[in-house]
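These notes concern the structure reproduced below.
In order of appearance the chains are A, B, C and D, and numbering begins at 1 in each one.
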Amino acid sequence: MASDQTYLSVKSMSKRFGGLQALNDCTFSIDSGKIICLVGPNGAGKTTIFNAITGFLKLDQGSVFFRGNGLTGIGPQKIVRAGIARTFQNLRLFGDLTALENVASAVPNQFGEEPLGALFRPIHTARSQRKTRETARGILEEVGLADQAEAFVRNLSYGEQKLLCIARVLATGAELLLLDEPTSGLSGDALEKVMVLLRRLRDEGRSQLVVEHNTRVVQQIADEVLFLHQGHLMAQGTPEAIMADPKLAEIYFGGAL
Amino acid sequence: MTLSHMPPRYLAATSAHFDDPTRRLVLGMVAGLAGLGLAGRAMAADGTPIRLGGILPLTGPDASVGIQQQRGLRFGVSQINAAGGVAGRPLDILYEDDEGRPDQAVISFNKLVSLQGVPLIFSAFSGPTLAMAPLATRKKIVLVNGGAQADRLAKASPYLFNTIPVAGDEIAVLAKYLASVGKKTAGILYEDDAGGTSGRDDFVRAFQKVGGKIIAREPVSFGQTDYRPSLLKIASVKPDVLFVMLSDGLGPLADQIHQMKPAFTIVGTSFFNDPAALHNPGSDGWLHTQVQIKAPPAVATAFQKMFNVEMEFWGAQYANAVFIMAKAIEKVLSQGKPITGENIHDAIFSIQTFDVMLPAIFRTNTAVMEIDIMQIKDGHHHLVQEFKAD
Amino acid sequence: MDYLFSYLILASIFVILGLSTNLLVGVVGIFSVSQAAIFGVGAYTVGYALSNDIMGFVPALALAAVVCLVLNVLITLPSLRVSGDYFVVTSFGIQLLATAAFTNWDAITGGASGMAGIPTADLFGLPIDTSLKTLILTACVACLACFAFRLVMRSPFGRLLMALREDELAVAAAGRQVLRAKVEAAALAGVFAGVAGGLYAVYLSFIDPSTFDLDASVLLLTMVVLGGARTLAGSIVGPFVVVALPQLLSLIDLPTAIAASARQGIYGVLLVAFMLFRPQGLMGRKI
Amino acid sequence: MLLLQLLINGLVTGSALGIIAISFSLAYSTTRIFHVAHAGIYTLAGYVAYALEKSGAPDIVGLLAAMAICAVAGALIQSELYARLAQRRASHLAVLIASLGLLAVIQNFLASVFTPNILPFGSAWRGRTLSFGGVTLTEVQIATLVICLAVFPCSLWFTRRTVLGKQIRAVASNPFLAEITALRPQRTFVIVMAIASAMVAIPGALVAFDFGVQPYDGTTVLLTATIAVIAGGIGSLTGAFLMAMLISVLQNLSLLVISGEWSVGVTFLIFLVFMLFRPRGLFTRR
């Protein structure tokens, strides 16, 4: 069914929580190599879509295809291996570990990540551990946190923690990144840093699906915008086109005005 | 001679509070000690204390019994010392709390033996005692169990002396008596632990041997106090007697029996000598064997005076254990030998018959004592029948 | 001397056990009050095998390790299905069930009166029959266990377990299998507890259900709390202090009648005080 | 007949267990603390009643005093221990361990003051029995049944109809939201713990009237109660109460089929069955 050309496609996704229809027959598809922003008022179902794509949530109905392969009913760890990784709105960093360890924890294919290897081939494990740490250090450099590598996460600033989330999701090696509000709570330099980073990542070939509230950010980073309302896809298009649509603006800002 | 070593106020205290039989007992003991003191004078009765050990559960779930046992030991020691000690030397017991746990008991054992050099240790409860028994054998330390009655204790170690008959001995007597008064069927209510289960097995064996039939067995856990469901179930099969093997909780049992008024008679062992049961109207008519504990009333009074509680079964047993061991140590001293576990061991067998507060005979490592059948009536134990030692 | 030996032997056995508990409770954050039950299974396995002359000490110890590995995985599995506090109840229940089984499965365990006269250990024909030899054996095993713990904690596996305690979802999002990691940790903790149980059985030559009851599990928890979570030093210091505690406390001269319970209550005071004022224990990290 | 008598006995102990369960449930669903030390409060109630009975006070005074003292103790535990732990951002595990420690403190404190023995009460009414068509109950059992069955609807009324009860439910459902709407959760927590502790004092004293007091038996009782809470569905007082009744009746009746040493097993089996087939409990709506 799914054509090989579609990168990620979501078909008639539905999910109900008690009395709330979180997703209502939501269908869309996106291309690779772009930053696609997912916008919509609170409760539109943005995070639910993330949860559904990454296998954290069982759908009532609908399916997800990535490069033509069905992802429905597959566990989170397999989806990461398939090439889709995510961040969380509330960060979910490991506060008692260092920044470097946080990133290292997401690097795939480490030797000694189970007890037998760790106990009986300690030298091999140590070697693999060194390699992992190098990889992790490289990623920290990439996001600009190299000097904080050995700091415990709970001692990092909020902006640094946000960057670390991106570093961790990069470490998985996934090609499609699902970023849940990577810029929320940031301003000034920190905000600028994240935007620059996301654009650079895109230029390096990492596709991104980003939940974003800040319209200024959307305008600056998005190649394409998906507008969600009440669990349903309302519109898909360039940021300019979406922003210009008065009906969507009414929905988006309606509550506030 | 020895008397002169005693501080006068001890004498005054003892004479003032003890009435006749005790005075005789105490004076008898003192006289005996004095005599031995004479014999052992060469041994330099310099008054250095004789240190013994006591490893008891002073905390944890078994502590209620452990504390009673400790009272018995303390009372025994105070009596001996009030009468001038052993050959002029006061007794002193160093207590260790094993929480009723075998591993703590082993640590405590090694501590007492290797740091304090005690030759003899009083112990309690079969778990810790069995854990210490191999060590006692290896190190030739006398282990004195005055409370646990599990049958396995009888042969656990040549150095383990049980100053109380094992449960099997008592239960055999009980079964014999029950058969003689025409009781044919029995139920069993037992505590689901070492003492309870071995009591259950003993009773099954003994009662079947005299032609009886066991028609119900109900376990309860230690500390459980709601016996109603078990009692109801047992009552429904209408046994002639209910054999009860509980170490605590006889008070609530008596309550519940009183409320239920079942047709069967409650029977048991020395465990029934528990004031909580005795003073409960529900225990009226209960039959039990009694390892003889005719503590002279004055001794009981002295005990009451010292601790402000009645002399319980355990108190009497452990005080008696102290009296027995004091005799054995006295003998060792009189022979001019050092007080070692080995010498005490030999002395116990060479004395064999101990005519102390509760007479005991050691043909094996377990004391043979007179066992009586008693009945509880109006808050007192009444003698029904005596089964002399043998 | 023997007193010191018996202390050191028990302390080193409890170090192995403390590592097991620390791995589950401190590192992975699974609240378990049933580690004493696993410890008991190890002890009974070795005790039964040696008493009935089924096999030698070394194979028996290996068997105990395997049995405990499997059992610990099984009893930890509910923690995957049921969350936090449900598992507390599960764990309490398993501990009580285990005590009931030790007490009533007479044919294997000797029932409530315990298993006495367990033969001493032998290492390929070399009898371990003195306190000193036993100390050397247990100390060596304890050192091995410490070494293993250190290897694990420094490996990617250790990092994964630490991450697991903090956030299972994030671990899954990083592409790791939460279930597998938990099972592996439980297996390792089971092996430690089983080996400790086997050593305990041959050292004391007597085991009974009271040694492996709920209080014992709480005591293990106290060791972890006192020493401190997640560090090797804490896992060593905790057991050494807690095993010495009854001995140290007996130096305080309390009236005999209260000394007893008061001493027991001090464990409780320690637990509360450490949680309030020093949740990282003497030399560990915050639990 | 035996069946009926066992059933009634089960209902009596079950009603007491039910109050323990709903008091725990109330504290747990509000504070989210797995309050193991609740077992200590339960035990404390018995000893307060015991001490008063020994000093000559009528049992009803003992019961009321036990409620008052336990309420104070519960409030203190919340304000002096749990609140401080929360302030220090202690982990859930840390709070649990502290609670377990507190339980040991209470039990051993009582054991050192009153000895670890089982101490029976002496009052005369305990022995009196009444019979209804072949079923015999003591007056204490009847009092237990009547009082506990009365407390249950009162607690429902309290949480559903009173302002305080509604506040408690609001805080329980979302402490963070409650904080910003000035409901002051910590203050509510203290009140809830006081109420839960006063509630658990009722069966604490009544059961003690019947069976006497002992320091270490609360743990198993509370474990059974928590099983009832979970199997009944967390947050559902009715579920907790009914499950407690059911567990207790089954424990009594199970004696007819299997031997008593496995009764812990029976309780736990019920729990496992629920965990496997209905992990959210019997009475929760999704």
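Everything that follows uses one rule, which is that a contact is a pair of C-beta atoms (placed from the backbone, for glycine too) under 8 Å apart; a residue touches a chain by one contact, two chains touch by 3 or more.
None of these values were measured; they are calculated from a predicted model.
Q: To get from subunit A to subunit D along touching chains, fewest steps?
A: Shortest path length, in steps: 2.
Q: Show me the overlap between the contact partners of subunit C and those of subunit D.
A: Chains that touch both subunit C and subunit D, as defined above, are B.
Q: Which chain has its C-alpha centroid at the greatest distance from the C-alpha centroid of subunit A?
A: So the farthest one, by centre of C-alpha atoms, is B.
Q: Just to be sure I understand: the centre of a chain is the mean of its C-alpha atoms, right? Then which chain's centre is nearest the mean of all of them?
A: Looking at where each chain's C-alpha mean falls, the closest to the middle is C.
Q: When the contacting C-beta pairs are counted for B-D and for B-C, which pair yields the higher total?
A: Higher contact count goes to B-C.
Q: Please work out the Cα centroid separation of subunit A and subunit C, and write it as a whole number of Å.
A: 42
Q: Using mean CA coordinates as chain centres, what's the subunit B-subunit C distance in Å?
A: Roughly 36 Å separates the two chain centres.
Q: Taking each chain's centre as the mean of its CA atoms, how far is subunit A from subunit B in angstrom?
A: Roughly 74 Å, centre to centre.
Q: Among the residues of subunit A, which ones contact at least 2 other chains?
A: Counting only residues that touch two or more other chains, subunit A contributes none.
Q: For subunit C, give me the residues that contact two or more of the other chains.
A: If we look for residues of subunit C contacting two or more partner chains, we find 103-104, 257, 260-261, 264, 286.
Q: Note the residues in subunit D that touch 2 or more other chains, in rising order.
A: Where subunit D meets two or more other chains at a single residue, that happens at 108, 111, 115-116, 261, 264.
Q: Looking at which chains touch which, would you call it a line, ring, star, complete or other?
A: Shape of the chain contacts: other, as it matches none of the listed patterns.
Q: Give the pairs of chains that touch; include all such pairs.
A: Here the touching pairs of chains are A-C, B-C, B-D, C-D.
Q: Spell out the part of subunit C that touches subunit D in their complex, as residue ranges.
A: Per the stated touch rule, the residues are 25, 29, 31, 78, 81-82, 84-86, 88-90, 92-94, 96-97, 100, 103-104, 214, 218, 221, 225, 257-258, 260-262, 264-265, 267-272, 275-276, 279, 286-287.
Q: Show me the residue ranges of subunit C that touch subunit A in the complex, using the header's touch definition.
A: Against subunit A, the touching part of subunit C is residues 148, 151-152, 154-160, 162-163, 166-167, 169-177, 180-181, 184-185, 187-188, 285-286.
Q: Within their complex, state which residues of subunit A touch subunit C.
A: Touching subunit C from subunit A are residues 54, 56, 75-77, 80-81, 85-88, 92-97, 101, 104-106, 108, 110-115, 117-119, 122, 125-126, 128-129, 132, 168, 171-172.
Q: Could you please specify the touching residues of subunit D with respect to subunit C in the complex?
A: Checking each residue of subunit D against subunit C gives 28, 34, 81, 84-85, 88, 90-98, 100-109, 111-113, 115-116, 215, 219-220, 223, 226-227, 230, 261-262, 264-265, 267-268, 271-272, 275, 279.
Q: Under the definition above, what is the set of subunit C residues touching subunit B in their complex?
A: These residues of subunit C touch subunit B: 1-7, 10, 103-104, 106, 111-114, 116-117, 200, 204-208, 210-211, 215, 243, 246-247, 250, 256-257, 259-261, 263-264.
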